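Labels for the chains are A, B, C and D, by order of writing; each one numbers its residues from 1.
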Amino acid sequence: MKFDNESMREVFGKTLVELGEKHDALIVMDADLNTSTRTVLFKKRFPDRFVQCGIAEGNMFGVAGGLSYAGFVPFPVTFAAFASRKALDVIFMNICCPKLNVKIPGCYAGVTAGEGGPSHNSAEDIAIMRSLPHMRVIDPGDNNELRSAMNEMMAYDGPVYFRVPKVIPPLLMEEMQAFRWAKGIVIREGTDVSLIGTGIMTSICVKAAEFLEAEGIHAEVIHMPSIKPIDEDLIVKTAKKTGRIVTVENGSVYGGFGSAVAEVLVEKYPVKLDAVGIKDSTFGSAPIRDLLIHHKLTPKDVAERAKNILHAKNVQ
Amino acid sequence: MKFDNESMREVFGKTLVELGEKHDALIVMDADLNTSTRTVLFKKRFPDRFVQCGIAEGNMFGVAGGLSYAGFVPFPVTFAAFASRKALDVIFMNICCPKLNVKIPGCYAGVTAGEGGPSHNSAEDIAIMRSLPHMRVIDPGDNNELRSAMNEMMAYDGPVYFRVPKVIPPLLMEEMQAFRWAKGIVIREGTDVSLIGTGIMTSICVKAAEFLEAEGIHAEVIHMPSIKPIDEDLIVKTAKKTGRIVTVENGSVYGGFGSAVAEVLVEKYPVKLDAVGIKDSTFGSAPIRDLLIHHKLTPKDVAERAKNILHAKNVQ
Amino acid sequence: MKHLTKKKIDELNDMAYQIRRMSLDMITYSQWGHIGGTFSQAEILACLYDHVLRIAPDNPQWEDRDCFVLSKAHASPALYAALALKGFIDYDDIYTYCRIGGLEGHLDMLETPGVECSGGSLGLGLSYSAGVAYGLRLKEAFHRRVYCLLGDGELCEGQIWEAAMFAGHHKLDNLTAVVDYNKLMAKGFINELMALEPLADKWKAFGWNVIEVDGHDVEELCNAFHKVKYLESTGKPACIIAHTVKGRGVEECEFNYKWHTHAPSVVKANAFLHELSCTYDKAKGNDLKSAANGGEGDLNYIIEEHEYEVR
Amino acid sequence: MKHLTKKKIDELNDMAYQIRRMSLDMITYSQWGHIGGTFSQAEILACLYDHVLRIAPDNPQWEDRDCFVLSKAHASPALYAALALKGFIDYDDIYTYCRIGGLEGHLDMLETPGVECSGGSLGLGLSYSAGVAYGLRLKEAFHRRVYCLLGDGELCEGQIWEAAMFAGHHKLDNLTAVVDYNKLMAKGFINELMALEPLADKWKAFGWNVIEVDGHDVEELCNAFHKVKYLESTGKPACIIAHTVKGRGVEECEFNYKWHTHAPSVVKANAFLHELSCTYDKAKGNDLKSAANGGEGDLNYIIEEHEYEVR
């Protein structure tokens, strides 16, 4: 895998500026986190289109609704933990119900607030956000895809939640592939088991597949950045091929990404699925690396889970 | 089916008083809804243990955390829509993370706020609440079970969310059965298809099963009041028996009850499941009856869905 | 002060009467709604819709319009009545209140022409209004103004104070908040349940100009709106604290929390209508009717009835 | 006023120094943390833990204790230092800050003896504190008091004002809020980003008594605590607005938002320690060390390294 040298939040900040050049209506809103979330870049370039809200997330999302109604495309920016937990009713009432054109980044998403601990990490954001009416949900896998997804969401008129982890991610694909709604990407073909990752966890899957290959197991790796809408066809296709699925997310499996895949499988083509993520707990306070290890979210762990599901006797 | 003549909120209010007689530490908190939620009964009986918070749900849940820490067992009471959407970060940080002994009713749950519309109905509460760490989730099916569940939760030291719909429900079981954690109940044996309901939707399933029986289809009906933890064994057992599952909830199927059942199935025994509920929309504003009809949540609709899943050819 | 003509005053009071009458009709017909907070704001809405707001009923999306946000959206019948009286919606639409495909029990901006903000959950409207006001200023649409009507009980919600701080800090002087200070929230008197006083001091401490008026006196109300629009552009948002009577117009409902949310029987509704028409010296008009069963949402019906006919 | 002895004053200032020194050590060692808001509250915590609070380090759950809630939980190093100095936790625990199984980056009441409230998300602490205060009064534990330390930027959060209204309405005079008014939030000066003034008026308008003090003057602080405890039981909660300097003690950090959240290199940390020890006339002691890689969470490591050894 190639490695990038830019952090995703930096790419997020830069892409906001790029989009700002193209779209006069784009507005960036801050709740006192602009140097962390890198919206500071937009603030410097377009001071007039940068709205400071102070540490008041509820109000920020409400103001976003109003700005959208007045014809702007606001990006109210805060950490994923606060975007999903602090102001849900506002997002529901003033953004989702009226289908307003507001784009909500979830910065430091999942486990990537690291030392910030349970308050700052976000294990539930996928489950919460995808339960909201009209809300689309994206967890991009690398810097190219984040940039592509941000361009794509500008072409869509409606609310979007997208994760922006705080990591320097590997490059998932040699060649840049455009983000498309409800489209997953086959990163690696395989026949024995399917590893379906979302966000930065796909890179973990890729490495896990290498481990498995070394043991003679051919794992298919699928990347699923578009969680809602999800790529039902691809899920069914890989299920038919391998009959065994492992989903990998850095978040809670209750209602989360694994659950979204499970919903598709039981409806269309029921096969076994093992959802890797966390269960009924929080991402504690430690460097990201230690948290991934602690919560068994490393390539070795994923490979292990894949082997288990492969060797479990077919229950049906 | 026998019919009750008392509304669930009334039973909720009375049970609070009964529990208040037994438990000196029980405190009821109100956010300006006491005559609607029927906590007014507790207020009259135990004025000193009734805390008025005004229309400020966030603060109410925070105060609940503090009261719990001071040794009380608070019931902060508001509508399910507000309990799940208005103060999620507080519930997460001050109740779930520290595992405090707070019991959170979701009044007028699901579709039962009727005319109140999207703001007052709660389609996402199950998805949201079960994503929270340490939170247990209950959707009781009738008045006996609601009372029993409230007694049971007093014996459990930790956060619980439970739905209190605003309906006069049928009596689900002839004989009173105690609520037990992670225990579902077989209401009717069957071999062709399993209808698994939660909350008041189980009564819809019972009637649907009668329709199906009339057409020679033997539906098993299972009631699942304990959504988290859920009865994995019973789900697997009925899946083995019928191989076809229809879940029924008055809420969003994205991350909701159907999703919780799907999670179990794909992990333990994958079979087809059709999740009846709403998808990516809201419960609009109309009498409950009209909403159930509009969203296709009546016994006839459920029977129809069961027939569809039964007649769909086995995909595997 | 700009004085209103006697004729205008009569017109405004007449509109307030119509708003009450039509709201009562809606709530009785649908058997659902909030009389108390609907009646208390009748004069405020009459002044806004018949005198203050720049609006174009034949073009609800008129790009030069003012924006009115009813944050206390449970009092939507009054707004629907005003919209019907001005021609944004049809008069008969009021009989679709709380029906599938009809007027929302609270507010849905996607469905109803003239409704500028969805609502129903309290505490949200001022943030949204501040967003619109901020956006309008950014677009240099300086002549367009934003008005937000808040409940007094609603002021318990912290987001109101976040929005107040935001609007004060950003000097949104194109934004006017009106507090329908009817002294009650849903279940009782505010000073007993969660005291608000000193209320004017709160707004001042958050950077707002404050004017207190009698919220049932259309002259005082219009003067206050005139003042914030033309005389006090001091770089601050303005808050009009309108002292009102919850349930105003029907004695049984006045300051009576039991009529916060409750639909009258047809008999009672007709008595209320009679009282209203006497007070306002109007002919009573047709008797009010009820179309719904209402009640506790008995599942019996849905389970035992085999034919479901949507009303 | 009750006068502090010179000795006591020295002790308190010494504790404030130790709090800063240990916090710096923690933040440097873990390569994560918030220096600015940690340093600004050093004297406040020293006074609370060495003079004001009724606590029993050998029995953190002592049923007669006062309750201290650090709502601005990102400044937890100062609290951990105070807890270590008082003996609630071991001195060496500070080197487990932000490590699996160690001290939380913010606060976890289940894991750390003496921590009475979990935190990390701003705006929540005052509600919780009000809950404890309400509960203590209900239990007639009149001698037990609750103290809640708030950030000034944190006051943007509406829930603070909900809690303020609640405490004012319920006359929780066993509750004292302290505002660490260090004039900055995370990314700049408060008066530029979201102005708070007139701050005292806000608290008064929400029903609180207010005392303003120099938050780095231990005598003024202790007098204020004394006053709210013994002299002003007027049926109101009290707010002590403590004027402080963000980053106080190290010139480079003072009023400098860049040091709100940022871990110093070891070289820089030792320079800071030197500066602190000069100011407080202390021996510098051992050099500070760093144990972590820190940085941007490079996934490279987790993907390419085959052996994962938890540090």
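What we mean here is this: a residue touches a chain if its C-beta (ideal position, glycine included) is under 8 Å from a C-beta of that chain, and two chains touch if they have at least 3 such contacts.
These numbers were taken from a predicted model, which means no experiment stands behind them.
S.K.: Could you work out how many touching-chain steps separate subunit A from subunit D at minimum?
M.R.: So the least number of steps between the two chains is 1.
S.K.: Most remote chain relative to subunit B, going by C-alpha centroids?
M.R.: The chain lying farthest from subunit B is D.
S.K.: State, to the nearest whole Å, the distance from the C-alpha centre of subunit C to the C-alpha centre of subunit D.
M.R.: Each chain's C-alpha centroid was found; their separation is 44 Å.
S.K.: Taking the mean of the C-alpha atoms as each chain's centre, how many Å separate subunit A from subunit B?
M.R.: Taking the average C-alpha coordinate of subunit A and of subunit B, the gap between them is 29 Å.
S.K.: How many angstrom lie between the CA centroids of subunit B and subunit C, rounded to a whole number?
M.R.: Taking the average C-alpha coordinate of subunit B and of subunit C, the gap between them is 34 Å.
S.K.: I'd like to verify one number: the distance from the centre of subunit A to the centre of subunit C, where each centre is the average of its C-alpha atoms, in whole angstrom.
M.R.: 41
S.K.: Touching at least two other chains at once: which residues of subunit A meet that condition?
M.R.: In subunit A, 53-54, 56, 58-59, 81-82, 85-86, 89, 93, 97, 118-119 touch at least two other chains.
S.K.: Where does subunit C touch two or more other chains at once, residue-wise?
M.R.: 108, 118-121, 156-159, 162, 165-166, 169, 194
S.K.: Which word fits how the chains touch one another: line, ring, star, complete or other?
M.R.: Shape of the chain contacts: complete, all pairs touching.
S.K.: Note which residues of subunit A are touching subunit D in the complex, please.
M.R.: Residues of subunit A touching subunit D: 1, 3, 7, 30, 32-36, 40, 52-56, 58-59, 81-82, 85-86, 112, 114-120, 165-170, 200, 203-204, 206-207, 284-294, 298-300.
S.K.: Inside the complex, what are the residues of subunit D that reach subunit A?
M.R.: 30, 32-33, 73, 98-100, 102, 104-106, 108, 118-123, 153-154, 156-158, 185-187, 193-194, 261, 292-294, 296-304, 306, 308, 310-311
S.K.: With touch defined as at the start, can you tell me which subunit D residues reach subunit B in the complex?
M.R.: My answer: residues 67, 108-110, 116-121, 124, 126-136, 138-139, 158-159, 162-163, 165-166, 169.
S.K.: What residues on subunit B touch subunit D, complex-wise?
M.R.: That would be residues 27, 48-49, 51, 53-54, 56, 58-72, 74, 89-90, 93-94, 97-99 of subunit B.
S.K.: Flag every residue of subunit A that touches subunit B in the complex, lowest number first.
M.R.: For this pair, the touching residues of subunit A are 81-82, 84-86, 88-89, 92-93, 97, 118-119, 123-124, 127-128, 130-134, 228, 245, 252-256, 258-260, 262-263, 265-275, 280-282, 315-316.
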